[in-house]
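Look for subunit A in each of the two complexes below; its partner is subunit B in the first and subunit C in the second.
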Partner chain A sequence: MTTDRGVSVQAHGVIALTASACTSCMICVRECPSWCIELESHDEEVSEPGARRPRTVSVLDAFTIDFGLCMYCGICVDLCPFDALAWQPDFDYASGSAAGLVQGISELESWQRGPGASTAISDS
Partner chain B sequence: MGLPPLWVSNRKEVFPTSAAPGNTLVPVTAISPGARAYQVAAEPSLRVQILDLGLACCALEVGSAIATGLLVEIEGSVESGELAEVAEGTSQGVGTTILLISGTITDALAPAVLRAWEQLPEPKAAVSFGACANTGGPYWDAPTVTKGIDQVVPVRVYVPGCPPRPEALIAGLLKVRDEIVVA
Partner chain C sequence: MRGIDPVFWVDEFSRLQAQGYLFFDFLTAYEREGEIEVIARVVNPKSKESELLVTKVDADHNSVTSISGVYPGAVWHERETAEMFGVNFIGLGDKRPLLRRSMLARPPMLKSSVLATRMLKPWPGQPSNRKQQPIGVVEDWLQK
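Presenting the complex of A and B:
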């Protein structure tokens, strides 16, 4: 299977983030050999009716991958316990500046495939 | 189709096995056999001159782009400046030579890259291809590695990847075209 850009759908082109699945566990940040991932979060207490005490949950504030540094090894994708990171075959994000290769939550989420995704997939 | 001659010649000359003892600079003539003219297969109107500095493994992807026909080498004189994008009747950017820097740049090699850039005739644009050329990549904390070739030459377009796909090279060239012609 290839995308309409002619590369395999399994190509390691870019790493997409599903922010809602991220628990801010920091495994990807710590295990990245290039140290290209940065993550910021804060804790919030969630009270539920009937619970004995409030739960503490981490809320993701910022998540950036510097694709200028990334060595595309996929360790973050493999180690993420909640599949918040995934490979996508997109390659067309060259930038006019090195800082432009640093992608935040909104850009990383935009790589996700789904209904209406810009890159169609064919069986050719 | 065998390996493209550009790739072979670069590899042999950039990494001499016996020459260059210690920190002796590799002569710039050894890493710049000369710009060559290429045609982008997907956009035949885009013809560019490329001086390919293949300094590490990313050079394989440049070679792959040529070997798979994404980039087609064409006959032409580099000096004439007649080979370039001619878009919508504008002459902007015509004759632009692209310095394609792919691979790890060490501090010992950086001056040679700078001289290759300085010797390139105007108009010219530098393209940084791959993580090492962009930022130093996985070697960003190595004391002998230049943390991005943009510390040495002004880079027009940064192509991400480790290595970038051959298709990403084409996308990067199109971005150079867009920046130069539109800008």
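Presenting the complex of A and C:
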């Protein structure tokens, strides 16, 4: 299976983030051999009706991947316990500056391939 | 993969070349349990057979005999292995470094070498409430 750009759908093109699935556990940040992932989060208390005490949940504030440092090894994707990170075959995010390769939550989420994905997949 | 006594390292390649292993593929090194080993592959283009040979680098002198006399194509690979792992290839004529501008710092591919970028950039995975060691960084190293 390839995309309409002729790239295998399994290609290590870019890492897509599903921020709602991320629990800010920091496993990807700590295991990254290139130190290219940075994550910021804070704890919030959530009160649920019927619960005796409020629950503490981590809320993701910032998540960045510096694709200028990333070596596309995929360790973060493999280790994420909640599948918040996934490979996507897109590759056209070149930049004229090193800072342009640093992608935040909104950019990383934009790579998710859903029903309305911009890049069509063909069987050829 | 065949382990070769360092004494017979060059002889083994001469023998293989005489047997028709005319294509030199690559030579590099790796570090395992504190010891550096040099690995090289040669191919017989007719039979498509290949041989992958490994030898231990002499720990006292950090040296191994160069096979560039047998396979001239090995010069580039031995130069690279010399600058990246600090291995001294005895008999290698051209010892100019390929990538490193200065040979003052430790060979960068050794596990005991801490890269300059690891000093400059704080580890993004450091927990706020305790000290933790990043993976793949030498044991007694901790960022200030």
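Details
What we mean here is this: the second predicted complex is superposed on the first by the 124 of 124 C-alpha atoms of A that agree within 3 Å, B and C clash if a C-alpha of one lies under 4 Å from a C-alpha of the other, contacts with A are read in each partner's own complex, and residues count from 1 in each chain.
Throughout what follows, a residue touches a chain if its C-beta (ideal position, glycine included) is under 8 Å from a C-beta of that chain, and two chains touch if they have at least 3 such contacts.
Keep in mind it's a predicted model, so treat the numbers as computed, not measured.
When both complexes are overlaid on chain A, the residue A:P33 reaches subunit B and subunit C alike.
In the superposition on chain A, A:G100 contacts subunit B only, with no contact to subunit C. Between subunit B and subunit C, more residues of subunit A are touched by B. In the superposition on chain A, A:L60 contacts neither subunit B nor subunit C. Of the two partner chains placed by superposition, only subunit B is touched by A:D92; subunit C is not. In the overlay built on the shared chain, the residue A:C76 is in contact with neither subunit B nor subunit C. Once chain A of one complex is fitted onto chain A of the other, the partner contacts of A:G13 are limited to subunit B, with no touch recorded for subunit C.
Subunit A residues 33, 35 lie at the interface with subunit B in one structure and with subunit C in the other. The touching residues of subunit A, when paired with subunit C in their complex, are 26, 29-33, 35, 37-39.
Looking at the complex, you find that subunit C touches subunit A at residues 118, 121, 123-125, 127, 132, 134-136.
Across the complex, subunit B is touched by residues 5-7, 11, 13, 33-35, 66-73, 91-98, 100-101 of subunit A. Touching subunit A in their complex are the following residues of subunit B: 131, 134-138, 140, 148, 150, 155-162, 164-165, 167-168, 171-172, 175, 179.
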